[in-house]
């Protein structure tokens, strides 16, 4: 495979941001098929259109996911990308690596594939871009045997779970997002690799309401850390903030002169529940009104910490817009202990209750959020065996269209029209 | 007609609130058929159910509305209410009366009807409750000939318009609600009396955003006063408020000790746009950020007044929940001059554009708000011949599902699949 | 003279419209229209408006039952004649307003009103409870699920002190509608009392052919619960309809369209309580009322459960809300989970929306308060 | 050894899952997991976390193109080997994090990074712009309406100063998705760049029989625009589908389900800009992004219109918003009419929702601002 002229792509080599074009060119020097990647992409830039064919069903034996088939629609021009399947390799929780591991993986990928990756895919996998069909099994063999690693998900199955870095390097994580993510990923290997669902299903785990893995926006089950006791206050540190000795928001705003720190304006007035106030130079919080939004803690990390009785909220149903419009996850369990001690029993039970039902009633290509919408939140709550509580809703219903079951209504639904007419002439 | 025992209703004669039961009993002394009203109502209290039959088509010649037919389903027991039609008499704008007029109307009603009324119906009419079919025409004759008055609306037509008292006794009215209401009511007599619409249609006129006639919640076209220049401030009066010399909110809160008036807390902090502040003892308003919500003016009526360049916002589509759920009216024309000088030309043109379209495409029993929902706000705006402006929406669309017309897209929609395939192998 | 049934069209007058409002203005109103500068509520039920001409008008607001007889209206006229030069008005919430043009005319008017027993309560202004906007109920309508005048009377009896005082955080607008048609502004009230049915329609096969157009009856149901069906009447098969009861949400539209589908029932019918609506654009945008108590029985004649529920909500609000805060603004500030707790209302699934735009009501944030609902 | 195609099932290993994360932790992370007390951003791209053990970890965050080669990953490894004992991580937004356990190790690391040209920009922390979360585009996917890596490169080139500084009112999250499938969190981003199609699918009658299940293709359309139809192929009538183009909203789901319905087009495709979404529950609830610019052309290779639009919005926001206020919080505070004005974006009907829950987006209050939109 030879070099192609890439006058359009070449224009993406300047500028301060890292250039994928330069990187690809560099790789092409030792991996000439990458010239064809550049060539086909240049053609797309010229034609302003993709040059990949629709789909293509490929995979490795015994797996229903993990590989996304892809073929060029101009293979004669660019034989190096005729087959260009992606392989999704399950990433380690929160994406820490040893260079040893990474180098090995890269060696493997240069051997079997194009040498081009995404670190990482939007779901969190290591994405290896561009593999020929015949190289899939050999790659998989080496991946499992030589590295002890495995594919991630694709198709109508559980997708590779993802988490924020949590307790590993963040002071706010209210449960161990990594261990939870890892445990459930292993626990559900079968669900990840063998599609048995109506459509895709995603888990994401964030340690607190800042939600650094965007769980609430893009996972069918979103587990987000919170606490149920009081925010831990270090009043001495509060004073340091007030005195301007500690930078607000951990220094996040230090690039601009926003004036001296004003605890009233920057913390108390921005608390959404108005549950904070100063008493002299002490900061007071009416914790029972706090909704644990994290704002005050974010702004004064050295003075405030989440409470010590920690756990997570479990929300269900986020998804992108296809088809009925995007959804954020809905709060279903306000507080759940998420603990390795009992092997995440409560969470697992919750997940499986969702699945058992969704696998039965979910339509083809219907995300669980859409199924929830179709059957209604009330029915979903019943199916989950939960009590309806106001925490599940933002506001009570604004219409009067309540369904009543026959057994709730004195005397039931059956009435005799003749008896009625005897009392009410028509 | 004889007196009935009314042990249940009798219990509604005590208590400090005026008793309709006592009133009816009193009237019954001179109008014995009222005993049958009491009797049938007592039966309803016993049976816990209405004793009126469904509907009944009655009316006066040439009118398609103004009378609601009603028959008892227990006429043998209560012959006095066998026929019990209501007559809706159009009320004078904002319901001022001379006692002369009222006495005359009462005489007429005692003569032809039951002697029982609602002052007023929810739409605003004078409701005369309970008339026999054969008395309808004689009553109507006398109403028109002796009193020069007329029926209001019912059925699928324009309903009797209604307005707040506006300039007659309120300092905040931004246009003459009464004259507008009166003028349009006369202008549209035909539409009020002869149903030609898909369903009912209501106008209501409020002089300002306080909306004392609840126009935004219950009229298909809601005309609500506003201004486009600056709030008029009397700084001397501001000082009086701050000094506690004038009662806040016109004395509305004087029954409880809320502490001394705090302009910051009670006015500035409650301004939804945060566009007010104090400069020394002067109150400043950044009027271009003001959304004319009325709060500050309500709280300091002696210091603040609406601007002088006045007019109204026109909103469309409010309705009760049947069928698709309740709607509030939607802002369509943010600012319109509403003036007698040009005989409300602009407003009338607006109204008729709505009607022309709705009469054509509205389904049977579809309120205009529902038709708007069915065809979409964009189409409605086009039909109205208006430019889309952000004031019509609360937020821009959250989904990506935009319709594009063929002529908007370079090259149109027609494409040749074979040409496409020549460039993109399948 | 008068109507001649033999010549109904002779001498007929139509389309006169309402009388011109200005002829009924008290002189002080006529002269000062458009010139008012400011107002003050001097005491509950008594307003003073000041004109730029220096004139003042004193308004005394009086509650009524709305359902009133000719005799009663004449008594009102007597009062207006005695004190107000024969003028008066009604408000948009069915109160009467007596206006006088000088302060010293106020007390005699108040004294006169007070002398007439419970007929003419003065109040309904400012941060209090004004008259309950309501509908027909069993006094006139064919679709009610409760009475109107009766529940209004018992609720106002109980809340009377709030009508005659101004001690609440803000105005509280209560409305009642006797069925889901919601004649009034129940859907946008601080506290709404709503008559609801809970039994699906019966079908009067004997009469349906004569009184209904079947396609209209079928089309009337927003949930498609009304289906074409055959029925036997007097041994003959006729075309009729059936109702899939599990799909029925008791809206009553089928009965509106078809008299052969009655719904009302002594046990099925009752009252739901909705709260937190508002109409004004003041501070916050208008809001719909929200359903918080799905059902209370029609315990005639005193509806004790309804009275208690309304009072409980009102008093929880009175105790907790900030000055100027309407019921809905308060509930939003404290959060609805806290609202249920503070008002001591059990939360039920019935408050969870499952209609058309339901997704918008789900809680799609981790922000919530720990209330007693979380076990 | 290695895979033996003749005995594919022999020695097969499956369901290993990912490696355990802890084996990859740098020692300071391993020892202090769960013990962190607080953090501080020392300079753009450099974080310090303090543990209750007294330990500190210094993190240097580096932007990447995400699309990266094996060679590039090896270069990253070289850096990690030189400075970080062979450890590193990637963030949830495709940045690299190099961690060291002492302050004096930071500067050598920064110097090394700086020495490598534009490959390793340090930044992406605090109140700035971090990496753009994005998708495949023309590099790999079959449904894109624009490229991903190219637009991201040109936008980040232009916004580079905001990546390397912390001068904004709050963090600004930009995302790009190349089609309506929105792989990523475009629907909840401060600024979203979204590839959109604007031409209805073509129908490849010649191939449809072989590659599509017609009922699935028909069912795929949320608006029922795909209908069964007959077509002539080589003189023979076959079963196929047709598309009612006026009903098509270009969602692309039919193409996803049926390869014989391609949509992409050089002129039809382009970019829409959405703004004001957020994910965090901080202060306000998560918000969806809102469509404010319906279409910008795919002017390769530099997408100047897109770059300009994003920059204009960002700078209007930077100038006007309050400290801590996210883009969406700012727009809501000033009002969307003012947003369009301040960002100098022409308002079009395309920003007016007409999908399923559209009524919730209408303005049902009299509260509005007078902007230039009102003539």
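Order as written gives the chain letters A, B, C and D; numbering starts at 1 within each chain.
Just so it is clear, contacts are C-beta pairs under 8 Å (C-beta built on N, C-alpha and C of every residue); 3 or more make two chains touch, one makes a residue touch a chain.
None of the values given here were measured: they were computed from a predicted structure.
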Interface copy of A-D among B-C, A-C or B-D, judged by whether over half of the contact pairs recur: B-C
B-D compared against B-C, more contacting pairs: B-C
Chain centre separation in whole Å, for subunit B relative to subunit A (CA means): 48
Mean-CA-position distance for subunit C and subunit B (Å): 13
For subunit C, residues contacting two or more additional chains: 180, 182, 187, 211, 251, 259, 262, 265, 267, 281, 286, 288, 355-357, 359-360, 364-367
Residues within subunit B bordering two or more other chains: 47, 49, 51, 53, 209, 211, 216, 224, 272, 293, 321, 325-326, 328, 398-401, 424, 426
Footprint of subunit A on subunit B - complex, ascending: 47, 49, 51, 53, 73-75, 321, 325-326, 398-401, 423-426
Contacting residues of subunit D [partner subunit C, same complex]: 281, 285-286, 357, 359-360, 364-367
Residue ranges of subunit C touching subunit A (in the complex, touch as defined): 180, 182, 187, 194, 196, 198-200, 202-207, 211, 245, 248-251, 259-260, 262, 265, 267-268, 272, 274, 288-292, 294, 332-340, 347-356, 358-371, 373-375
Subunit B residues within the subunit D interface of the complex: 209, 211, 216, 224, 226, 228, 272-274, 288-293, 313, 315, 327-331, 334-335, 373, 376-379, 381-382, 387-404, 406, 408-411, 413, 415, 417, 420-421, 424, 426
